[in-house]
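Dropping the structures in below, format is structure tokens.
Two complexes come next, and they have one chain in common, chain A, joined by chain B in the first and chain C in the second.
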Partner chain A sequence: MSKKTIAPRKDIVASMVADFKKELQNMIVEEGITELEIDLSGVEMVDSVGLGAFIATHNTLSQKNGKLTVIHATEDIFSLFKTMRLDQHFEIHQG
Partner chain B sequence: MFDIQKSAKILKMTFSSALQNIDRAADELRIFLTGIGKKSQAFHPLLITREALINAITHGNHCDEKKSVSMSIVYQPEQLEIDVTDEGKGFSWDATMSKECDDTQDHGRGLQIMKLYSQQIQYNSKGNQVKLTIKFPEKKE
Partner chain C sequence: MMIDADTLNTYFEESNCSLKDIEKDLITLEDMGAKIDIPFAGEIFRSMHAIKSGASILGLSKIKELSQKLENILGLICNEKLVPNPEVINLLLQGCDRLLQLTRQQYTQKEIDIDEQSVMLTGLTSAVLPDDKKDSVTHIRNIPLPDGRHAFQIPEFNIQQALDQGKTVYILEYDLIRDVQEKNDTPLNMVRFVQQHGEMIDSLLDIKSVGTLEENISLPGIPYFILLASSLTHEQLVTALNISPHKVYELKNEFDDLVNPQNNKCLKKHCFQNNSIQKQECPLSLLNQEQLERFSGLASELNFAYDYLLNTNMAEDPIKDIAINRIKVVLTDFQALVDAGQKTPVSKGSLELIRNIRDYGFQSGNKARINCSGEDILMDRRILRQLVDALTGSIIKMILFFSRIRENSGQKKAITQFTLTIVENEQNVILELFSPDRMPIPENSFLDIHLEQNQLNSINSELQQNQQPEKGIVLTFTLPRTFTILNGYPVEIDHQTYIIPRINVLGYSLRSELSENTDLRQTGDHMIILYENQWIPIISIYREASQHTINAVLHRNVFVFCHIGTQRFGLAVDKAEESETDAVLQPLSRHLSSNPTLVGTCLLKDGDIAFVPDMGYFAYQAMLTKC
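Coming up: the complex of A and B.
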């Protein structure tokens, strides 16, 4: 198992998701990362396209018996992830 | 292209169909919400506005930068009325709205988010204009 934490430090929204997804896919496919932790410190917004990036990354990691964890989500983002039931797919931590 | 008109209670913008313009529109909306004393309650208005703009730009105008999106936001105490119109052909919003979201798919959550976080969502018959109403909960700044 190879573990990595990344912190995008900007909102995960439609305008940046294509590049963000590519970066995450490269980590999994090229670097062989199987335990990926995404630190949302400084992230104030995640939109539906951003949520899709988390699901796509979770799906890719699951195929490799890996794991996605999200940490340091704001109260609003944590609530959005739970409302959209993303917490049923991978771990999300607030604060 | 990015045109903007603003007053204390009305914000109007028209811009070309580039995803980066959603970020600029969201920045302007954040400033507007701060101006009406709703900075601490900005997350949900910003989120549903972003969703309406994503749909308008990607599904409505197919990211064709020659086509524009118009939006207006009106503050009526204690609610916001958000109106977003694109130049697309529209869609069968009633059929799409009644569809269940598949949790394992990496797309298809925008409409669900607008439904969940607005008090009212209304499309015109063509399906290229959406009107959202969001009420602010009682909360002191």
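Coming up: the complex of A and C.
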């Protein structure tokens, strides 16, 4: 079990998702990270494509018996994840 | 959809007003007992529903969750499934208190816990349902999605509540890529938009279809389903949400077993004519809090100047009279502006009083009710706060007094009724409190209201008691109509309290944190102190004010930095309170006119006298010291 925190420090939106997902994939597949924490400090917005990145990361980690945790979410992002019941799939903590 | 600060503030202000009304109405509802006035209960339900709807739209999850649970209980009362007995009302009031806390402390909401209230309210909902419905709170109903692969799993009670309110339940199908991303929208906006058209009972993201990081190179779509209870028809919903009709599934026959036309006598008929927050008459000040405090401080300064000029032994000088008159003109307008911001109807205080007495009765078993009249009279909110404390104490003492008399004469416990009349004349606001349930009271027996009298004295007011043949024991509260209220910081010097007007204080430094030569220096016979990169003189107020000794200054524990206009100086004091104090300025400065350092005295809550230093005088002294 190895753990790592990633902090993108910018909005998780379509324009950055491809690179962000590659980075996540490297961590999980190549570095063997199984407990991944995404620190949303400085992230104000998550669009649909960004939401897809969180779900894909969760699905990938689940296959490897790993765990995704989201920390420091703004009230809006926390509320979105809760409304969409994503908190039933992975842990989300408000900032 | 961006929620701007103004919209949020309006919501919080209106919800606050609405919750205060709900609180009052709940106590009235409690008094009705089993004879529930259904339309009246429906009004309370509607107010709570409006708070919940607003919270839902604005994404305030805790307020939404708690108000939903309170609404559930109110719905049961409306449908006569639950009698609003004191225990039920107590839970509702506690829930409202927590909601009030959430709406008042909007910036620290996430630290406010609602778990206890949520569990209690859910427990109550479950406990009061008939046996055949009890399970509905915990009984989970499967609602399959159109794709057949997934299903919502919802407590049956939530569906039942929506149906009781005359709503239709729909499943909405969205694709977060096609219907949201490609339309340049965000999921949060979409969700909030949907919530404006109904109550989102649940939602479900098909996370399997998103795939993993490896397989998901181009995202085909993210199916998202919403279970929505709405008063709109299928057609209206399709138009309002601008969504394909094939993506809105009406659940028509799925809940036939839950529909019971007998159960919705209040809710269907009354509750959904108005979905928005009811417009309350919230008295909003022309000034915001910060401005109000600033103006209040300036008005105090002006009051001091006026008082000082009036009482100083200056030679007869026509210019002095002109100055006094001009200050008076400005002061009158100034004070009116501040008063308008600080004034509030007495009804605000009487509501708090009613609640205090109700809660005391619930906890002690000595129940009482108060009828108030004259509640539209306006009073300073700071004075009202202290008046409510004194009134609560007095009433509790009267309740205990009557209860002892009942016990001694072998009578049963009963609810004690009180009458509180409020009238005003040019000088005073006068409150008269008595109990029409009076009983034979031994002659010359009086209540011990010493503590309350002290409280009232501290706001320049009086409390007297007497016995009248037709009213029994009567308490009379006399409060001046106008007050000069000083917002200040208390400091202590030689065991004497001084209040430095808030407007003059820049900050504090502890002696222990300062080092000589670096922060404090001697210059001639005086000390100077470094404040914001500037050396400023230190002035002292202690007994030997005329003999500034370096040692005396150095032995003080705290330095308070003050200013008058551009003049800055430090005051050496023994102790400084972090807290602010509201104190009523007593017009006693004429007795102190020989002391140039003081402009007035204040009575504090505990009865102690505080002195108000003349900051202008000290600024002048500071200027001389500097020279």
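Definition applied: the second predicted complex is superposed on the first by the 95 of 95 C-alpha atoms of A that agree within 3 Å, B and C clash if a C-alpha of one lies under 4 Å from a C-alpha of the other, contacts with A are read in each partner's own complex, and residues count from 1 in each chain.
Keep in mind that, in the parts below, a residue touches a chain if its C-beta (ideal position, glycine included) is under 8 Å from a C-beta of that chain, and two chains touch if they have at least 3 such contacts.
In this text the structure is predicted, and so the values were computed from the model without any measurement.
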item: First (chain B), second (chain C), both or neither touched by A:Asn59; value: both
item: If touched residues of chain A are counted for chain B and for chain C, the larger one; value: C
item: Partner chain(s) touched by A:Leu40 [first = chain B, second = chain C, both, neither]; value: neither
item: Which of chain B and chain C A:Ile92 touches, first, second, both or neither; value: neither
item: Partner chain(s) touched by A:Val70 [first = chain B, second = chain C, both, neither]; value: neither
item: Contacts of A:Val49 with chain B and chain C, given as first, second, both or neither; value: both
item: Touching partner for A:Ile28 - first (chain B), second (chain C), both, neither; value: second
item: Which of chain B and chain C A:Ser15 touches, first, second, both or neither; value: first
item: Shared chain A surface residues [contacts with chain B and with chain C]; value: 14, 45, 47-49, 51-52, 55-56, 59, 76, 80, 83-86, 89
item: In the complex, chain A residues that touch chain B; value: 11, 13-15, 44-45, 47-49, 51-53, 55-56, 59, 76, 80, 83-86, 88-89
item: For the chain C and chain A complex, residues of the former touching the latter; value: 59, 61, 110, 176-177, 180-181, 186-188, 191, 200, 202-205, 207-208, 210-214, 216, 219, 222, 224
item: Interfacial residue positions of chain B with respect to chain A in the complex; value: 19-20, 22-23, 26, 43-44, 46-47, 50-51, 54, 58, 103-107, 109-110, 112-113, 116
item: Complex contact set, residues of chain A against chain C; value: 14, 21, 24-25, 28-29, 45-49, 51-52, 55-60, 63, 75-77, 79-80, 82-86, 89, 94
